[in-house]
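Two complexes are shown next, each including chain A; its partner changes from chain B in the first to chain C in the second.
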Partner chain A sequence: MKNEWPLWEVFIRGQHGLAHRHFGSLHAPDAEMAIKNARDVYTRRNEGVSIWVVKASDIAASSPGDKEPLFEPSNSKIYRHPTFYDIPDEVGHM
Partner chain B sequence: MTATVKTDAALFELALRMGDNALILGQRIGAWCGHAPAVEEDIALANVALDLIGQTKMWLGLAGELEGKGRSADDLAFLRDARAFRNALLVEQPNGDFAHTLMRQYLFDAWHHPMLVALKSSADKRVADIAEKAEKEARYHLERSEDLIVRLGDGSEESHERMQTALDALYPFAGELYAADAIDGDLAARRIAPDLGEVGKRYLASLKSTFEEATLKAPWDAATRKGGKQGMHSEELGYILAEMQWMQRAYPGAKW
Partner chain C sequence: MYAQMVKSTGERVKALDEMGPEERAFQERVDADIKIEPKDWMPEGYRKTLVRQIGQHAHSEIVGQLPEGNWITRAPTLDRKAILIAKVQDEAGHGLYLYCAAETLGVSRDEMTEELLSGKAKYSSIFNYPTLTWADIGAIGWLVDGAAIMNQVPLQRCSYGPYSRAMIRICKEESFHQRQGYDIMMRLCEGTAEQKEMAQDALNRFWQPALMMFGPSDKDSVHSAQSMAWKIKQNSNDELRQKFVDQTAPQAEYLGLNVPDPDLKWNEEKQGYDFSEPDWNEFYEVLKGNGPCNKERMEARQKAWNEGAWFRDGLMANAKKKKARRMAAE
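Right, the complex of A and B next:
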């Protein structure tokens, strides 16, 4: 499949006030078609109010091999988690 | 009294025409499911087919109600013979290659959307309510098919050639969509449906600009092929109905 369309990662905002969340990926010849395809593939059940697409090749990612140096040092530092506070219900999504 | 009966008969025809267009085109493009050139296109086409079948349920439901003989939308879809179908000839044309499918879709969508916009202000509230729901779906269908016509028309040498061949084959069927008969005249006079000539003018203007952008040449002067709206169909419809209706014909009253 030499002529396959490029891969796009799809991010969808579920409702106003929430962040866009990664939903999946799809193929499309360009950004405009990627949004249309994302609409058809991922929002059939009224999942979203906004769609972002980004070329998968444009995403820089951490390497799985770097897991230990990147993430393990924070394991032992529980004071970094704001779990000692009570959040009032009225605040809503944080 | 006579006037009421006449209005209902014309309105019944309108509901059948709108419903049968949606039903037959939905059935046609449903056949692409699992066969489209890319999985994304496959899902998109199936979505359009399902939108159209949903609209069919509303229009044929209204038709059954107007007829008053207790026929449901399903009865009308699965137990009518070809001569009783009122869809335009365009929508029963074969899928052909992907270019034919897309061209048929665009020629329909470009008429369907302005038609539904006009029907939103129908004097009959039931018609206006259906149009209100269907119009949003049709707007997306049009956006999608128009975009693909331009991309493929003004695309590679092969895609251009395929789109041009499809346009030459299908354009003669476009004129039936806005050719008014006595029933359309009656409905327009009662403000239940728009003046089809006006819809046609807008339709042709949008075709002109889209085809220009797509570097395609429509055979504008080709003779119009029509008759479907009055029940005179091509042999294609018989094959569609045979496949669509065989279950209810073979097992009358079978329920899912």
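Right, the complex of A and C next:
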């Protein structure tokens, strides 16, 4: 049992014009088989038009402990949102 | 339920002020319905309970292919055969979604497979009953998948993100399973007297095992309180069982079949049916491994795993060889 197939993360483009979205993961010996398996596991009902697979071990991720230093600074920068600015009605749609 | 007897910590639920700061922050997130994700801090008991529950659930999907697979070669028409193959393939898919969810908790696929094959991990008692006639395929879709949906719909709101997302995908697909089962039952009940009798016989045999799917009665369910506090279980076993009976009894009536329970009666006051409890001794015996098909099911899984070893290893060896060749060429 030591010979476990590696884990792949599966990304699927649901429709033309949309970005690939993470769908799930699966085990496969190589990328070619991972795509074949992803087709059977994740697109049995016409869910996709394109598949990406990435070895799970090749993904670098931010750690939950870094959530505050990474994401909190943007909380106070409300001037980045259009609603921060009051534009008089007379100006019309902007 | 596909996970009927999940052992939790066995300890009473702690109050917030008895918890350390990490555990309290965790519990407050759960209480606020914020999903817990794989890398977040979690109590060891939460992790272990989830590994057991998701593992049992995944194993049930995989073993659940066997009773239905039994009828693929003997489905009455080509259409029915194609539909049954699609359903059994879905069950394999559901098992895979769930194994992946469990793997995010730090358990490997091979560890889980080993636990199933050694008998250490459980799967739902329902799959240890034989499928003797074609009507059993109808009864399984209608009753077994019906009971599974009853249990899985609330699990979509489970506190653990990967499990909740797997349940959302599964629930979307599961409704086809129940409807195809009921469709088989309808056809049989519109047919000859013999066909209707076959449908009645399947209901007779699957009614009690379906009720057992929700697990032991609340008064004997020792692990529920902690799982409910952690929101990896949302409703009690008896609540879900009642809901299932209330939904299913009128469906049986529509088919013109009799639910095999002389005590089944509408109770106006509680706005639900009264019904007899299933035979809990039988339930515990089946869980212990003494059901009609436990041995056969495990043997089939072991055979598939052992006889597939050369194939899994061969594909892996081929992948390594191709990779080495590619690297040498670069």
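Going forward, the second predicted complex is superposed on the first by the 79 of 94 C-alpha atoms of A that agree within 3 Å, B and C clash if a C-alpha of one lies under 4 Å from a C-alpha of the other, contacts with A are read in each partner's own complex, and residues count from 1 in each chain.
Everything that follows uses one rule, which is that a contact is a pair of C-beta atoms (placed from the backbone, for glycine too) under 8 Å apart; a residue touches a chain by one contact, two chains touch by 3 or more.
All of these numbers come straight from a predicted model, not from anything done at the bench.
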item	value
Partner chain(s) touched by A:Asn75 [first = chain B, second = chain C, both, neither]	neither
Chain B versus chain C as contact partner of A:Leu26, first or second or both or neither	both
Touching partner for A:Ser63 - first (chain B), second (chain C), both, neither	second
Contacts of A:Lys36 with chain B and chain C, given as first, second, both or neither	first
Chain C versus chain B, contacts on chain A by residue	C
Which of chain B and chain C A:Arg44 touches, first, second, both or neither	both
First (chain B), second (chain C), both or neither touched by A:Leu7	second
Overlap of the chain B and chain C footprints on chain A, listed as residue numbers	5, 26-27, 29, 33, 40-41, 44
In the complex, chain C residues that touch chain A	37, 39-41, 86, 89-90, 93, 96-97, 100, 103, 108-110, 113-114, 165-166, 169, 173, 312-313, 315-316, 318-319, 322-323
Chain A partner contacts - residues on chain B that touch it in the complex	38-40, 43-44, 47, 140, 143-144, 147, 151
Chain A - residues contacting chain C, complex	1, 3-5, 7, 24-27, 29-30, 33, 40-42, 44-45, 61, 63-64
Chain B contact footprint on chain A (complex, rising order)	5, 26-29, 32-33, 36-37, 39-41, 44
